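These are the structures in question, set out in turn.
One chain, chain A, links the two complexes that follow: it is found with chain B in the first and with chain C in the second.
And then the complex of A and B:
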């Protein structure tokens, strides 16, 4: 089918035309967002209603919005979010991979019920558990601390599920051979199973990182002290009921997107490989 | 408005000096957890700093939260019956909801015989079952802002600022049509947002009841014929007459449109006076809230209050903070920071010949005395507002009026059952 399209120049033109329109529609709002953050405050909305080249090209480029952001509490929020997200990734990988390994390698009583609970845990909307979670965290005296932001997010049903599926796909012979050679289960997990699962590790890290980078409601509830404000909370501060700081909003959103992309760029290689290896199986 | 700005700067500078002096004090200070609206820091910190300076040993850890999150986080923390927050910002109509569930301390003793100091209507929304639970930080009203340049371009005379000669909605629609120019994306009129606060005066102006007398029944009121008629009129603004821009759910958006000359008239609160200040080319006038021909003028009112969590571990300090908030100095500074119509009579009197000579404030004063109508007092206001807001937004984007209102009424009634 590709060849018939390729032979017909009109079809090629049409196809690229359609793709270009689609690409434009997808990129346009993001490009506008990026450029709007470089405009002077008063000019952000002026050209919108008269759609044209002025919509995208600012009359004057300025870093004022970013400067204002950097002199405020946004850098602190970036720092907080980074600490929270990276710590969650580190601990989350260990905890969830171990749990996934247990589900894949061992047979024990109540395993299926327990696994069902794991699956239910990630299907449950967060709003449904926020109340008991808050009572627990506040009972432990953890409100307004990194603990409150990190610990509830470490164990993640979805990631356990991913690891279980991957570890279950490794032939049990691998494990048994190692057991015969006298390896402990922890050794097998760390030096046989984990090294095979880089694609799953990459995917899981990204998911954990992004879930924390994007988290908003829980940080507001559990750690609303300004010292623990995270990125999404700092962004939302620009919007209030009676007046919006659009420049600050766009600039902070842009920074959050750019920094949130770093782990994706770092892990991209593995992410793609996981798709390829999935194809071979 | 120049005077307001000068006061504001003086207030900020004073508060900053006092604040830094306060910081030298007491190492072993108590810190109060105080969830607040996400207003800009420079409109919040000076107030807190001023209190800290006046009361050594007490610090205010205010949390500036976006409006929706303020309500949601208060809901979680209060329902958990924990000791925080110590003091919190209460949206006027939510007083009943919090008080009914035991989340607010009775302030009767704190205010004592000082009730006369307040503009009477402002205490109403902080009161539930005859007890005062939340002190008003101010009140609010809505005004019709119009762009003088666009009126001149369309050859229209400017409307009268006299509240007795206010426009009818029918008259406003005619003018709005003349001010709408699709070719330059210019719209004639918009409500600053689509919240019940903003839109309930429409049915009320026609004498339509918006909730049952028991404060718990929505069916027959929210989806009654009167409401359906009025909301159909509202929908027509967007879809039949096309004088209003669809998607204007937020003040931030309409403010930008009006400021950049893409909207000729906007119905909004006094907070817009500050919001419009950044548009240097904008020349605008202000007149009173319109009403329906044959109906009566009704304006929305009510604002932010402050209340104490009865479970606070720092009761003495929390009471000191709220008490301080009711003082003349605190309320005067608050007015400088955010221009809500004051709740204390003294501020109105003191500024009568300065700030309030502005025709804008003459109108506000008239409305507060004559047309201001508080939102329904019901322990279920949170639910009522939530469902009604969704319906109002969906009507604006073109949904079926009767069906949406019926759905809202059914949902509200379902939620109200728990308060019966």
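And then the complex of A and C:
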């Protein structure tokens, strides 16, 4: 089907024309922000009457806006986000890979019911339980702490699912052979199963990292104190407050977008495949 | 072999405790909390369905429910249509197509919050280029999220910019799973491209399309960050979706009971949607990847 359409030159032109317009609409805001963040502070305001190519291209490129960031509240936000995201990746990998291994390697009572819980937990968007989770976390006295940001996010149904899929693809004989040699299950998981699963480890790390790097609603609710503000929260506050450091806002927003986007670009093939396997089995 | 029997549960314990405490228990907390009231002294008391009864007489709740439903009635079919159009456009071989695919999915790597900030700047009259462009082509500057009639549409636009490429991926996977023999058979039978689309592609895409519609609806019923960041529910309540009402009730009006009552209503809606999703994934008609 695709080939016959491709032979019709008008259809090809229409397809690529439409795609180019759509791709431009998608990329334009991102490209504009990236360039605007490199603008000298004096050029930030763009009166609507002066629309032209200068609206997009700065007269000279400067890193001043990025340098100025270092003296504000942004380094703290970067630090908070990094601590939260990296800790979640480390613990999330261990905890969810262990569970994924159990679902793949063992038969036990209640397996199907427990696996249903796993699936429902990632089909239900996290936002649905933010308010009651806040009640729970404040009951534990955890509000405004790293604990509040990290611990509820460690167990992740999607990651358990991905590890289960991978570990289930390894023949059980493989594990049994090691068992016969006297290895413990923990040893088999850590030194046989995990090293084989590096593509799943890579995608899961990215997913866990992005789940924290991108999260906004939960940090706003659970850790609103400026000392614990993560990057998303710090940036969102800066767009609302009366302020004059627009250059700083451009630079911090662009930086936050890039930190999320670069690992995505590096791993998009793995990432997309895993995502689709989770959505449509 | 007691130890061997326990092994799977030891492996499962940390993750399952996490899911039960931080995903399952909050559902119970929402339901229980929605039936409590807080006195001025801060004491909790059981009030039964009073919070719900009060909600149903509250004009602000009804208006918020209306905004949420309107938002969902527009955004979900819109995102499905845009994502499907994109999927059909990039359902091709070749290096160039691969590059377009990459550009179209780029926004999925931008968080919803940062998308809102990005467009807050992009659409701003003084800071961004878009109003200058509109002046230049003669349409004239617009207020977008600062205008009561345009705010909801602006948020829908931002969410679609972010979401369309993401949902496109699932539909593209669906297109790839249609056996090429089916399309070839239709081609040999002399079907026109339109007939092949309507009679072959569309029926075989029902399941992936339903999946996208349902999963997207679950997310959009809980739409929050752009409202919080760009409009604070305004102007004049025109973007005050239920999730934002739940947030306001707890953190601005210190009415946790009302907040949890709204959360409970949203949770019920979401659980119905998840049940639909599960049925979809288990149904025997198995054309999806």
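Keep in mind that, in the parts below, the second predicted complex is superposed on the first by the 203 of 281 C-alpha atoms of A that agree within 3 Å, B and C clash if a C-alpha of one lies under 4 Å from a C-alpha of the other, contacts with A are read in each partner's own complex, and residues count from 1 in each chain.
Keep this in mind: contacts are C-beta pairs under 8 Å (C-beta built on N, C-alpha and C of every residue); 3 or more make two chains touch, one makes a residue touch a chain.
Bear in mind the structure is a predicted one, so any value in this text is a computation, not a measurement.
Visitor: Does the superposition put A:134 against chain B (first), chain C (second), both, or neither?
Guide: Both partners, chain B and chain C.
Visitor: With both complexes overlaid on chain A, does A:236 touch chain B (first), chain C (second), both or neither?
Guide: both
Visitor: With both complexes superposed on chain A, which partner does A:143 reach: first (chain B), second (chain C), both or neither?
Guide: first
Visitor: After lining up the shared chain so the two structures overlap, which partner does A:226 touch, if you call chain B first and chain C second: first, second, both or neither?
Guide: In the superposition, A:226 touches chain B alone.
Visitor: First (chain B), second (chain C), both or neither: which does A:245 touch?
Guide: A:245: touches chain B, not chain C.
Visitor: Tell me which partner A:95 touches in the superposition: chain B (first), chain C (second), both or neither.
Guide: A:95: touches chain C, not chain B.
Visitor: Can you tell me whether chain B or chain C touches more residues on chain A?
Guide: C
Visitor: Which residues of chain A are in contact with chain B in one complex and with chain C in the other?
Guide: Residues 44-46, 49-50, 130-131, 134-135, 216-217, 220-221, 236, 239-240, 246 of chain A touch both chain B and chain C.
Visitor: For the complex, which residues does chain C have touching chain A?
Guide: For chain C paired with chain A, touching residues are 4-5, 7-9, 11-12, 14-27, 29-30, 33, 86, 89-93, 96, 100, 102-114, 116-122, 125-129, 131-136, 141, 161, 165, 169-170, 173-174, 180, 183-184, 187, 193, 196, 207-208, 211, 215, 218-219, 222, 224-225, 228-229, 243, 246-247, 250-251, 256, 259-260, 262-263, 266-267, 270-271, 274, 277-278, 281, 288-289.
Visitor: Can you tell me which positions in chain B touch chain A when the two form their complex?
Guide: 33, 35, 37-41, 61, 63-67, 69, 72-73, 76-77, 79-80, 82, 84, 184-185, 250-253, 255-257, 259-260, 262, 269, 271-272, 274-275, 278-280
Visitor: What part of chain A is in contact with chain B in the complex they form?
Guide: 41-42, 44-46, 49-50, 72, 130-131, 134-135, 138, 143, 216-217, 220-221, 224-226, 236-237, 239-246
Visitor: Where on chain A does chain C make contact in their complex?
Guide: 1-2, 4-6, 15-16, 18-20, 22-23, 25-27, 29-30, 32-33, 36, 44-51, 55-56, 94-96, 98-99, 101-103, 105-106, 108, 114, 117-121, 123-125, 127-136, 151-152, 154-155, 157, 160, 185, 189, 210, 213-217, 220-221, 232, 235-236, 239-240, 246, 249-250, 253, 256-257, 260-261, 264-265, 268, 272, 275-277, 279-281
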